[in-house]
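Note that subunit A is present in both complexes that follow, paired respectively with subunit B and with subunit C.
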Partner chain A sequence: MADSTKKKITVLMVGNPNVGKSALFNRMTGANAMVSNYPGTTVDFTSGTLIEGRQEYEIIDVPGTYSLEPRDAAEEVAVRMIRDHPDAVVMIVFDATKIDRGLYIALEVMEQGMLCIVAVNMMDTAHDKKISVDTADLQKVLGVPVVATTATSGEGIRELAEQIRKAQVADLDKIIKRLNGEIPDKKSVGGCGGCGGC
Partner chain B sequence: MQKKLLELEFGERGVVREIRTSVHDLNCMGIRVDRELKMVTKQPIKGPVVVLLGEMQIAIGLDLAAQIIVDVIGKDA
Partner chain C sequence: MVLSTDSRWEVVDRIARRTVAYGTYKRTLGDVLGELTVKPLTGIPVAVAALFAFWSIFCSFAGALVTDGFMVKLFDSHWLPWLQSVWPDPASWHYFVFVGDPLADNCFEAFGVLTSGLFVSIGVVLPAILIFYLMMTVLEDSGYLPRLAVLVDSVLHRIGLHGYAIVPMILGLGCNVPAVTATRILETRKQRFIMMTLLAIFIPCGAQLGVMLEVIPDMIGLVFLCLIGGFCLFGYILNKVIPGENPEILVDVPPYHWPIRENVVKKMWNRTKSFLKEAVPFVLFGVLLVNLLYLGGVIQALAAFFEPLFVTWFGVPKETVGPLIAGFLRKDLAIAQLSVIPMTAYQMFASVVLISIYFPCVATFVIMLREGWKELCAALAVLFVVVFVYGGLIHAIGILLGVA
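Showing the complex of A and B:
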C-alpha cells in the first residue's frame, strides 16, 4: 500500500533500442507493453505504476535512443520526455553484452544533472556469451546505483525496485578522476558498492 | 595499410583511425577512433556494409562507410 502523503515519483526508463526496456517495464509494473526481439518496437511512451517501500512510482517506458540528439521521431519522443520531466529519476538500461554503447547514452543523461540509476539488463545473454560485468566496480566509477537484471527471468528486478530511491546525480568530473585513479577507493563497509545512496 | 571502411574485404579486420563525418552519430552507435571492427557483409546494388563490432553487427550506408578510415590489421578465414 502506498503512503498517500508521499509524492509520486516519476521514473523514466532510458536506453538504446533493443536492450529490454519494455520487458523490464512489464516486470516492474505488471503491464503488458509490446515486446519483440528487434529494435524500434516502442515508438511512443507507455506508463505504469510501481509501489515499493510505501512509495508510489510512475514508471515511463521511453522509446530507445542512441543519443540525446534525436535522429528520428521515436528518438524525439525520448528526448522530449527527459526534457519535460527534469525532476524525474532516470533509469538507464544497458544491454550487458554492449556496455560501451550504453555508457554513451548514460553519460549524456548524466550530463543533464538528473537523478540516475543503472540497470544492466540481459545478464543471461552475457553469461551465455561468457561476458562478465563487474557491476560493483561500475557503481564505484559512476557513483550511481548499478543493478544487474534479467528481465525475462525476473532476476534482479526486486533489487532494482528497491534501489530506485537511492538514485544519485552523477558527477562527471568525479567519474573522470576515478577513472584516472585520482580519487582513491574508499574501503567499503559491509559489502557496500559505494553508490553514496546512504 | 589505410583504407576506407567501404573498401574492406570480407573477413578483413581493421582499426578505425579517422571519422570524416559526424563523429557523434557514429560514436553513439559504438564506432569510435581506435575501435577494432571486422567486415561481415557487403550488400549488393549499393546496399549497406555490415561490420562486426565486438558482439554487435552494425549496418552502415555506403556514403557513411566511405567517410570512415581504417587501418587494416588482418583477415579472418
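Showing the complex of A and C:
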C-alpha cells in the first residue's frame, strides 16, 4: 500500500522513437499501451500507476522524439509534456544499440535542470549485435542513475522502478569536467556506482 | 547550462566513445533476407506477395471459413427461425424493429436489431477484424512496415505524401479512428491534411471489407480499383492545390523481430474488446435507428426528396438513402443494408463505392474533430466535391460502357 502522506510523483518516459518506452511502461504499470516494431506507434500520451517502496508514481508514456525541437505533431506532444511537468522525474530511455542518439536528447533534457534517470533498454539486441554498454561508467559520467533493461523479457524492470527515487539533476559542467578527467573518479564503496543518490 | 547543438554532439561523442564498445558482428542469414525486402528489385515482388497473402488469408478465413461455413448456417437456420417463431405478433412495431421482416429467410434481409444487427456485427464483422488484426499485428511487430514505407516512398511523393504515410493507410484498413491519430507522424500540416482527407474518403475499414466480402464477393476487386483510382487522382489534385511542404522521408528502419506471442495476444484482445464494446452497440443502435426512421416515414420522405440526385446523377435507386443514413453510424451496416435493396449489378457496385467514399462514420468524424476543426471542415468540403464529382464520373463511365 502506498503511504497516503507521500505525494504522488510524476515520471515522464522520454526518448527516441521505437526504443521500447511503451514496452517498459507496460511492464512497470501493467497498462496496455500499444507496442509495435516501428517508430511512431505512440502518438499520444498514456498514463499508469506504479507503486514502489511506499511511493506512488504516475508514469506517463510520451511519444518518441529525436530532440526537443519537434519535427511532427507526435513529437510536439512529447515536448509539451516536458514543458507542462517541470517538477516531474524524467526517465530517459535509450536503445542500447544507438546510445549516441539517446544521449543527445538526454543532454537536452538535462539542460532543462530536471530530475533524471536513464534506462538503457534493448540490452538483448545489443548483446546479439556484439555491442556492449558500460552502464556503470555511464552512470559515473552522467551523475544520474543508469539501469540496463530488456523490456521484452522484463530484465532490469525491478531495479529501474527502485532507482526512480534516486533520480538526480545532472550537472552539465561536471559531466564535461569528468570527461576531461578534471574530477577524479570516486572510489566506489560496496558496489556503489557513484550516482550521488545517497 | 545550455549547450549549442554542436557542442552537445561533441559531448555525446565523448561519452559514447568512453562507454560503448563494438565487437565484430557477423552478418546472419536473417540480415541477408532482411536486405532483400528493401532493395527495389527483390523488395517489390516481396511486398506484392506479402499483401496478396494478407488478402487471401483474410478472404479465406473470414469469408469462406468462419462466416459462410459457420456463422451463416448458425444465424439463418437456427437463430432467425427461432426468433421468428417465439417473438409475438409479427405485425407489431416491435417485431419490425427487433426481428424485422417476418418472411425473411436470411439474416441480411430480415433487418431487425436482433437478426441483422447481431449477424452483421458478430457473424460477419467479428471474424473479419479478428483475422485482419492478427495479420496487421504481424506486419507491425515484425518490423516490415517501415521497410514497406521506404519501398512506396516515390509513389506517395506524387500525391503529396511520403512513404511513411503507409502506416496510417494500413492502420486505416483496420479502422480509420487510430489511423487519423497516426497521421501525427507526418511532418507538415499539408501532409496531415491530405492523409486525413484521403483516409476518410477512400480507405475502407476492416468491418466494411468484411461485409463487402460477404455481400459482393465478385465485385470487390472492381470496388477496390475505383477506390485506389480515386485515392491517387484526388491525392494528385490535392497535392497541386494545397500549399505547403512535403519533406523527404526520414525513417529509422528497426531490425526484424519475431512477433512476441504475449504482445500479439494482448493486442488482439485489446482490439477485439474495443470492437465488442464500441462497435457492436453502434451497429445495433444503427439498425434500431434506421427501423424507427422507416416506421416514422422519415426515410421514405428523404428518398423522395433525393430521388433526382440519386437516380439521375449517381444512377442508383432512391432507396439507397436508408443505407446512407446507417452509413453515418457504421459503414459495415450500410453495406449490409444495401444488399437487400433490389437493383442491378452496376447499381450495386456504384452504391457500394458511394457508401465507401461518402461521409466518414461518426467515430472517425469525432476523432478528426479532435485533431482540428479547421481541417475537419476543409476535409468535409473536399468530401462533398469528391462524392459529387467521382460519383458522377463513375456513372458517366457506366453509361459509356452501356452498363448503367
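Criterion: the second predicted complex is superposed on the first by the 198 of 198 C-alpha atoms of A that agree within 3 Å, B and C clash if a C-alpha of one lies under 4 Å from a C-alpha of the other, contacts with A are read in each partner's own complex, and residues count from 1 in each chain.
As a working rule, contacts are C-beta pairs under 8 Å (C-beta built on N, C-alpha and C of every residue); 3 or more make two chains touch, one makes a residue touch a chain.
Here the structure is a predicted model, which is why all the values come from computation and not from measurement.
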Contacts for A:Met114 in the overlay, against subunit B (first) and subunit C (second): which applies, first, second, both or neither? neither
After the superposition on A, what does A:Ile92 contact: first (subunit B), second (subunit C), both or neither? neither
So, does A:Ala161 touch the first partner subunit B, the second partner subunit C, both, or neither? neither
Looking only at subunit A, is it subunit B or subunit C that touches more of its residues? C
Applying the touch criterion given at the start, work out whether A:Met123 contacts subunit B, subunit C, both or neither, answering first, second, both or neither. neither
Based on the A-chain superposition described above, do subunit B and subunit C contact any of the same residues on subunit A, and if so which? 71, 100, 104, 129, 131
Touching residues (chain side subunit C, partner subunit A) in the complex: 1-3, 8-9, 11-16, 18-25, 137, 140-143, 145-146, 164, 167, 181-187, 192, 250-252, 254-255, 257, 260, 263, 266-267, 270
Name, in rising order, each residue of subunit A that touches subunit B in their complex. 66-67, 69, 71, 97-98, 100-101, 104-105, 129, 131
Residues of subunit B touching subunit A in the complex: 24-25, 27-30, 54-56
Subunit C contact footprint on subunit A (complex, rising order): 16-18, 23, 32, 34-41, 43-44, 63, 71-74, 77, 99-100, 103-104, 107-108, 111, 125, 129-135, 137-138, 141-142, 152, 171-173, 175-176, 179
